[in-house]
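Two complexes, one shared chain (chain A), two partners (chain B, chain C).
Now for the complex of A and B:
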């Protein structure tokens, strides 16, 4: 309807003008691509004009290290106190003194921890949640992952509150001072979310040392942004009436914030906390590489020895931990604060908490006398490891030829041509096209941002690797979007299919990608096909979720109206459901692209030749500048893609008359 | 804002003080009671050596911790400032440049060789000998038929050679060019990916030619042979005139080398006794392979295997501590 209107509107000539501009631009770039000799400097960035940003960053890091080590090390020491405390409590126990007559205090008993999780589940969500929480924790214990899982839990238990506190503070600051939000906080959050963690691992090691604290801080950088964003959102969403009411009863600024605004925004804030927990769990492998240990390290070690089964079990233990923490925190978010009843003592007010503390204390004391309470007895441990390995071997022996034919076809006829096309693409041409798209979609501001970011990739001498990154991410994101949207539509039509698909989505997102990378390498060899499959498996999740959600949230009344006016099933889908769900689907697509980009680093472990590899080389050489520069390039590719996609979603929405 | 920050900081500082006050003064143990940190990396033999050395030091009364770390970058980060005190395996073959960089900082110390010699070379499973009878001589690989036997559809007619990560200083692209081998070099990103391909191919008796190193569990688990290239000499990597190709460097096999132990420079003064043991610590290559096999192939835990070695070799390590 609206689309038809624009054709007859006075804007028509302008559109024709733009078509001309686009044709001209594409023609220019095509000529440049065919005949690179006219302007070689516009095709390949001249090597003597490369800006040595990497060297500058390295020099800056060295200066920081010599002058501020005292500060960063004191920060490490301060954070180390609660962290070591949590590790002792959950995983290692306390040891006073040294040598044979050292006094040791036991850690919390595993039976007690399982029971405490069950009680927490019962308190927040009734008997079903209690069963789920207990089941997951017992699974971890029986499969012999307890010690590592508790190490991981200790890290999470300290870094999540840290993220939440700092996230809240930053969010409040952003809410109070919108100009700081726009000019500093938003760009910073974008960088924190798109910059691969490996890129800042070396600076972390230099400044904060090879200790669990570095792992914790790296986790915090990655996991904090959702907290800041949801704080801002929560504060903005508080209805004006409540705000005004706070004013009327004479609250000070501080009282209004603490007693009125934050409590009213609690549900949204809890969504942020939930996201922080999930992202923190995503980081466990990375932090295990710099001194933290835990489940992530087990996955890494098992994979080095090709113990697919063991690494799968450690990976699934991470998933189990993620499910418990996710469901518990979601249930906690739904809790309504209970009314305060006077004249109750502590036990009456918090019966579950008291019970949990009692159980923990009781079992831990018992564990001093009964060894079965202290650590999981070997007799009841079990393992599915041989089974996983057998499945992979069986597929390998029976289906390799078919898989190989598929791989070769994909590589020779699809992937390699796209790669060659993109790697040879003139950098100036890309800058021009991207800038034009930015200008057309949003305006001069966006155009300048995307042009500068694209030019950064060329000016640092990373152009070919950037294009290789674009190729792998682009292809993977497209494949993930195609399959994901189709699966999402199917899930939206059938509750049973959705119920089947959602646990798989949860698993794909929390299972460390390393776990499935090695089996995929066994079947698809080292190379781009393997990288693509691993990326698609990870990036498909938001495409499924958002499509499903987008179609399901269409108001019943609209569907009824369409049925009444006589839509066929087909018309209903193409004319009503799809257009109405389009904004959500585009949002999912946006997330898919960003997730695909975040897999670049993991793919470098298979053996791709792009920015991920550059980050890895920098890591091996402990070159802070090189790693950060490549990290910035990856982040900029992500931000450019994100901004352009968002701008086109906005345009689409206004065209469809949805805003 | 300021008040919040202040609150957080004071809270942290109080917690720090409390925990310090809570610790009872330790009984007299050798030199210093601070924990000696021995790095764990992500392969079996290094962790075995770390746990054995750490176990010995524990028996001698030292307090030992095992932080996990990254192999190459630890040489120029953790070991330079005492976040890591000892690293037990740095291979000449993969970490030569990183060790040079570490030596240049002057804050680390090379504790001498661990004992086993590192060997790395192109490797193939025995069943490939039927398809390429001239092996293990490298000249057999020049035969187009032989190269074809090692090829995949995307490299054909050239053979496919699976090299290690680019960071491993392998010079395989250069080697292929200098020796005129009809092969395409594919780099794996990690050795996990490399051995995954080997395991997959070995199960199907499919062609594979790849970079393998020893000591490692792979040569023990899979039957195969090293390709025999012209023996490495330092001149081969620096002087084009050396070797079969007078115009190119790298016309030889990969260097063999030592595996080195490294320590933080302060180890010597802070824990002289532990320093002596770490410096004296060596292990026999066959023994190490056997111990690695017990972990990787028989599924025993690293801690058990290490403890068993310590109990069986008490006389040996008591000698080191003297």
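Now for the complex of A and C:
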């Protein structure tokens, strides 16, 4: 005790000093907020001082476009070959020549594809996975989403390998040259993941033309970061001895990488592939909304026409596809080779693969003669649209008043006041507070970064829109965190509840973000409340998961020690479990905030008025400068939030001696 | 070593004759910025104080050793003593900060990367504590892996692999994957893999530490059997003094990065250089490390001997017999020449751990 006492006493004045600084800073900002006339330039960023970054970017893009179109268009042509091939194979079929004597080859038969998915499920996970895969694919077929789903699948089938290959290469580079990793790759990945996808769709469209290739490249950029990260992780995690072994056998650099390190890291790499697939699906859905075609487009059309039933059905098709892809790729990742009998031929070694190819070929040939094999016969198609519509109508008739009252209450008494407060917040004050927090948490470096990024939002004239984004994102994240932490605590206390909750979390996490909007729009129509609820649903999972995990991972011995000391259940929670789980919970919060931000941007489609809307307008006008500037502002908000949260987590962890 | 009996010199003469296979002289591995400059400026002389002053950490400090051809040389130390770092310096997995490492008189530290690759491919083998098997390859493929790296064609490398699989007693498991094997079997794969290239020098880095005590014992016996066939030059790392005693021709004991004593198990037990070494040797059963030569006295003319033992035989191998028949045994050299005799009383003294152990010289 005495040792601790002597240590803390000299630090006491320092803490008091910081409290003083904080009080002073907050007081300054409060005065500025109350009496904006003292220094109007510090409250509202002067419009004549706005840095025309948007114009510069536009000019640069125009220059790129005039000088490098030959290059980008030839890239488009190259990528277009496999892409068109995949689309023909899965969705459209081939057509050679023109007119009545044109030679047509059919696409893969839907029956064959369903069977192939079932076989894959059987090979990777037994009869249950086979049933799940077949069920989901048949759902898509019977409910009339086959064509769109296959278009989506074709885009995924081409962009995923692209992502995986480039992700691997970048990951290897990052592993080999740590300084490149730190100075270029890591910041780039942060930007790629926080930048809204729409923002870089614009330059893609400008450079690569209005073709599916642009969407595919945007997908590749969006989905690549987890591959890079898991490659680095996989290579770093290879046991030191295996690395030494590679050296001792006399491997050359290339041999060691290809024959020792990468195969040893396969499980981690496969986790990356799974994430790439899910992100690619998410992105393909989003880019389909701007005209690339596919599942998302149907949802958006139906939603805009207020065809609740149809949009729900199409939305569920996305869910079905997401679940199939996720479960199959996860099961494939878990596959491990086991002892085999030598001297088998190909068919004996890969019975499922052979069967799948045979079924696909057989049904596809048949589909040339039997129309029922070529496309889903209308007779067996079903629709639950009327049913969904009836449900929503019923809810709206009976509960309209309650829902409306809830909505209005939220809007008038919670959302709008917060919004007004933040939008009127002096920009200089925000920069000051953020910088102070950065300095306090980590030091001058972080302070400079967050100050510059926050100032960027003001200096580009996007301050009010940034604050509108911050408000919606912040409120949603806080609500998600409150509910998520509560659910996580409940799950950590009861195995039964956890067993019930975790599969739901798994499924929520695989769903493309747009799926969350559909049911909420039905009940709450468009607007901020809808955006908030959809965002909460989307962002809640990490908060639940990390809280549950954080509490459960506390060593049994500590719990026993607390029990022996006579802690009540309440004391145990507040004094032992919560403090020890806090770093983990903070990690979850960090992810919740980032997910909320990405979702808020997508919610611009249902009429929020923030940076997301700015990006959408730019997309409609093909204004690269405007879109990218808003995109950077969004990314910077995300990065500032991420860095500050991460720094405070680090502080917590080092205080607990966990690092 | 300074107070060695002349007899021991004579006895060990045969062993000492063997040419030096691996020699490391004054090897340092120092971590920290400017470590190389620091050592170079002092020509490889530094104390722990001067290292600490320069904010450097000496993982291995002026280590020198000579491993003779066909010898099992054991480096023994507790965790953090630098033994693993030392063996990685010998194989140049870690670049030593200072000193020289010679394999057959050739300076390993001066070898260029491609020369080093050649040396490792053909002349070195290494076995790891946690086996370091490649999870995606079968037993056969794992063992053939070093050959496949060299570009040996599939047929001949698998033929060679099958031979070593037989040698380590894993026949029938060729198509299994590592995770389908027990720890002991996995290490047999590791051993087989390192033997596939017929290395001249064999590094074993705590090969049995991750195994259960019973399996460990079995594997030690297995190693002794293999070595009797293969006669490799072995550098064996362990933290287990009993294991060292069981296997070693000679042992180097390391502490805090320094080799504090090198010698045969017998020398270490009888003449520990420091209290630290004595701490290890205190509980060792002397009859297991001491040879007949240590206990013998000059031959009594026309005595009636109960049996004959060789001078190098450990006392424990004949103690039951000699105590049972209550007669002295004749001690002979390897060529059958009589050297002296051992009395039952001397053996009993030794077994009872009485200090009266006399060192009788011829």
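Observations on the structure shown:
Definition applied: the second predicted complex is superposed on the first by the 579 of 659 C-alpha atoms of A that agree within 3 Å, B and C clash if a C-alpha of one lies under 4 Å from a C-alpha of the other, contacts with A are read in each partner's own complex, and residues count from 1 in each chain.
Here is the rule we go by: a residue touches a chain if its C-beta (ideal position, glycine included) is under 8 Å from a C-beta of that chain, and two chains touch if they have at least 3 such contacts.
Computed from a prediction, not measured in an experiment: that's the story for all the values here.
Of the two partner chains placed by superposition, A:93 touches none, neither chain B nor chain C. In the superposition on chain A, A:362 makes contact with neither chain B nor chain C. In the superposition on chain A, no contact is made by A:579 with either chain B or chain C.
In the superposition on chain A, A:106 contacts neither chain B nor chain C. Of the two partners chain B and chain C, more chain A residues are in touch with B. Using the contact criterion defined above for the overlaid structures, shared-chain residue A:135 touches neither chain B nor chain C, since it reaches no partner. Residues 88, 91, 93, 116-122, 124-126, 128-132, 134-138, 145-146, 148-150, 174-177, 179-180, 197, 203 of chain C are the ones touching chain A in the complex.
Those residues of chain B lying in contact with chain A across their complex are 1, 4-5, 8-9, 12-13, 15-16, 19, 23-24, 26-27, 29, 33, 39-40, 42-44, 47, 61, 63, 67-70, 72-78, 81, 83-84, 97-98, 101, 152-154, 162, 165-167, 186-197, 199-200, 203-204, 206, 217, 295-296. Of all residues in chain A, those touching chain B in their complex are 77-79, 81-82, 84-85, 96-99, 101, 103, 165, 169, 172-173, 201-202, 205-206, 209-212, 288-293, 297, 300-301, 303-307, 393, 396-397, 400, 404, 408, 411-412, 416, 517-519, 521-523, 525-527, 603-609, 613, 616-617, 619-622. Across the complex, chain A meets chain C through its residues 239, 241-242, 244-245, 247-252, 255, 259-260, 263-264, 266, 336-342.
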